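Chain nomenclature is as follows: A, B, C and D, assigned in order of appearance, with residue numbering initiated at 1 for each chain independently.
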Amino acid sequence: MGSFKGHALPGCFFLLAGLWWAGRFSLWYTTRRNKSLGSTRLASRSTQHRLEIIEGSTIVFFSVVGMLAEQFGPDGPWLHLYDHTEQHWEKLHNWQHSTMYLFFGLAGAISVIVHATEAAPLALDRLMLAMAFFMEGFLFLYHLHGRAMLDVHVHQLLLFSVFGEALVSFLEVFHRGNILLELLRASLTILQGSWFWQIGFVLYPPSGVEWDLMDHDNMMFITMCYCWHLAVGLLTVSMVYCTVSCVVKSRLKKTPPIEMGLLKPREREQESEDEIL
Amino acid sequence: MGSFKGHALPGCFFLLAGLWWAGRFSLWYTTRRNKSLGSTRLASRSTQHRLEIIEGSTIVFFSVVGMLAEQFGPDGPWLHLYDHTEQHWEKLHNWQHSTMYLFFGLAGAISVIVHATEAAPLALDRLMLAMAFFMEGFLFLYHLHGRAMLDVHVHQLLLFSVFGEALVSFLEVFHRGNILLELLRASLTILQGSWFWQIGFVLYPPSGVEWDLMDHDNMMFITMCYCWHLAVGLLTVSMVYCTVSCVVKSRLKKTPPIEMGLLKPREREQESEDEIL
Amino acid sequence: MGSFKGHALPGCFFLLAGLWWAGRFSLWYTTRRNKSLGSTRLASRSTQHRLEIIEGSTIVFFSVVGMLAEQFGPDGPWLHLYDHTEQHWEKLHNWQHSTMYLFFGLAGAISVIVHATEAAPLALDRLMLAMAFFMEGFLFLYHLHGRAMLDVHVHQLLLFSVFGEALVSFLEVFHRGNILLELLRASLTILQGSWFWQIGFVLYPPSGVEWDLMDHDNMMFITMCYCWHLAVGLLTVSMVYCTVSCVVKSRLKKTPPIEMGLLKPREREQESEDEIL
Amino acid sequence: MGSFKGHALPGCFFLLAGLWWAGRFSLWYTTRRNKSLGSTRLASRSTQHRLEIIEGSTIVFFSVVGMLAEQFGPDGPWLHLYDHTEQHWEKLHNWQHSTMYLFFGLAGAISVIVHATEAAPLALDRLMLAMAFFMEGFLFLYHLHGRAMLDVHVHQLLLFSVFGEALVSFLEVFHRGNILLELLRASLTILQGSWFWQIGFVLYPPSGVEWDLMDHDNMMFITMCYCWHLAVGLLTVSMVYCTVSCVVKSRLKKTPPIEMGLLKPREREQESEDEIL
């Protein structure tokens, strides 16, 4: 992935995922909170299930596309792992990226299964997500041998957000539906996405002016820059949250909660179950 | 901040914050405990909200003042980040301190929003506080390159209290209202404040007698000295706690709980909600 | 244990243990879930106790066999610890492996006691299992001095699964019966087992073609390979889970839950107790 | 403390503390469990309070004695901290040991206050104990500069038990009365005690035969030896537990629970409160 585009592309995906999560979890939280106003029409349990399934399918789709692109792209190894004639491994970086996509693909597939059937326990989707993030960080951790100081540093900073997301997802296994953890995960995902862009700008500057990779002042600036990215991520998520809750409230005011009594008993039970879990 | 005053000033703020928290949380705990004696008059839910809002506003105010002082003080970068003519970063230390203040300012602003409106979940103030402390520690962590041994050591010791506060605040997200965590946070804040003073005395001794920054015995003394600061912090907090609970009890004895029945139902509901959260 | 066989043997044990746990916990979870269909006949509380006792006894048996083999095998120290004439320790590796077996033996024995009598608290079996895994990792951690880079690396990767199992078992002390933790433990055990095989293939290749232990590309491949082992472990566990839940459901459909009312009150109480714990 | 006696003495204290805790917590757990048999006569709530107070007072007493001995013993600094004429710190090791005792003394004093009055929250005694262990480990951590390899290693191993005790005590703040955590703490305390003896034997061998402090085989043996100490600690605690529960059961059989109804309502309320906390 040694190019600007190779960092900008995953950056876009994580940015979109973070925004999507911020919107989705804000919507669910707001509707749960304003239940007495009949807001369950906006995001009923079956809608939630459908959204989760669509989300999971999308993750699976892009993971498979990513794996295919890494394998069969112009620089790809075409599924060859070891070159026996010259005795070296073929394109290990492409293989590593394929492995990362594999775990995200697994997480997406599990999420689809969990929400489409009743076969698996509900919290499994969070556990697999935690594992996917952990494996991403794990592979990055052993990815950095023999690079320049600043190159190592920008990737180490990335690990803070990646392992942070793994930890938050793991906590969600036990505290499912905690809006703070969900929004924190969204913020960290946006941070990861925007930081991929930053890495691209630092290591492969489109302007052509190279950064001095051994300068300590650059390292200090980059550390600080990471904090600013986090601040921007937090602000973005809070703006999404405010927008969503305003929209929900204004729509609820317009349509009074008349048909409340028409809900089938079964659907309401499921919702309370969702809150407990 | 390379001066005695630059360390004494944040030290004062953290000392005051620690004392304030020790007093506030002791007061709330004691009133909750002596509820049957009608103590809710001393610290009703609305008073608590008002205090939280005042506290948040104060934090925002001083954060903004701090950022302005760092930027536009005599040594400040006046918002210039990069000097293109000489190709170096401008006053990175001032920018880093501004960034720290920024996160404390965000935490204060969020606290005001949480307690003034009903828009955001209650525990968000603790999460943002945890994040502010974490970012402070994070920036200090990468702040220490190329300094003398003792200089690095005194700042590393500081990190124990900073990351300790971040951890305790994060635990409060899940165990809100746990008096032990709240007083522990107050103690660690006092420790951080007094340790800033100690750093000032060690690195910029007002007496003019320089410390040998490479002497191992000095390092061992400083480590032990840190423990003493913690002991003093714990004693201070416990003295505040005892004073507050004595005052509350003596005031309760003087005024018998007559008007108990006059509390509006709504106010009492809110209080019980507060205890659960 | 410096041989292919010496790594393949524990690998087999861990693989079998992982598969066994995956099956057992899937069975219990599925029966608990389909209780209304009368599935308790398939895995009643007393069957569960009996299985736990058999499992514990098996662990004790193989631990004792392992210890005896390490001590009295052809290369064993025959219980001599120190050679006073030549002033050196006797076969420290054999002693270390005996110590690992000792802790697994203790865990097995405690599990038997916990489930056969009512003397000890139920969660003690998980605590001892966590301790056995922790001591295994602890001994490996100080086992690696002065080895080649790749040799150290493959053993360090092993530690991720070992300490992961210790952590998951410790969490089970507080969240007993959480199916996700139980299946995660099974996956990590399978990972550990298959990784022992991988270590054998890398360090003592049966094909005779030696690996270059100082090549950085080999390290990167091995790291990625570890992720694949984990993916295979997860897939194996999920296949076991699916098989078990299909079998349970098909058996429940064939035999309608007629005798439900014949359960003795005492047995049903015990079961609900099991769910709470 | 550079002597055999200087390590054997704290070793004795920790051994006794571990045995005492093993006995006390076993007794309380067994009586709670056999409540229906009227076992509350053996260990009523007021007895428990009295025992806690005696325990706290004992800890305070020995901490003060320890501090006095370190300060005013033949090698002590007699409260002089800095020698201005020769410009060096006076007997920093004695001061460090005094500081450790100080925190244990604080923990004991707080425990007395918590159980003798109703001023402070109950879990505070565990929090202070956790802090005392943490500070002990913290001081040891920065105690090891410039020592021989084996000397550093034996002290690092000690840190596992010390920080383990700190962690377990901290968990007890949230899971008070969990018998597993209490017995684990007792085991780790016994481990710490017996390991102090081991350190004494290694660094100051009474037989006069010096250990080679730079030999890697010695390090591997010592690591393994640590595991054996833990195994012995676990066995000791479980033997104490079995003895106590047998004694309690045999005494309960002899004296039938006749006077059950004579318990004052207030006392029973307190007991149930104890279980919840």
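What we mean here is this: contacts are C-beta pairs under 8 Å (C-beta built on N, C-alpha and C of every residue); 3 or more make two chains touch, one makes a residue touch a chain.
In UniProt terms, the chains line up like this: A, B, C, D = Transmembrane protein 45a.
What you are looking at is a predicted structure, and each value in this text was computed from that prediction instead of being measured.
Chain centres here are means of the Cα atoms, and by that rule the chain farthest away from subunit A is D. In the Cα superposition of subunit C onto subunit D, the rotation angle, rounded to steps of 5, is 90 degrees. Interface note: subunit A and subunit B, two copies of one sequence, contact each other through mostly non-matching residue numbers (shared numbers fall below half of all numbers used).
Distance between chain centres (mean CA atoms), subunit B to subunit D: 32 Å. The centroid of the Cα atoms in subunit A and the matching centroid in subunit D are 45 Å apart.
Residue positions of subunit B in touch with at least two other chains are not found. Taken as a contact graph, the chains are arranged in a single closed ring, with each chain touching exactly two others.
Chain pairs that touch, as defined above: A-B, A-C, B-D, C-D.
Looking at the complex, you find that subunit D touches subunit B at residues 88-89, 92, 95-96, 99, 102-103, 106, 119-121, 123-124, 127, 131, 135, 138-139, 142-143, 145-146, 173-174. Within the complex, the subunit A residues that touch subunit B are 29, 160, 175, 179-180, 184, 216-221, 223-224, 227-228, 230-231, 234, 241-242, 245.
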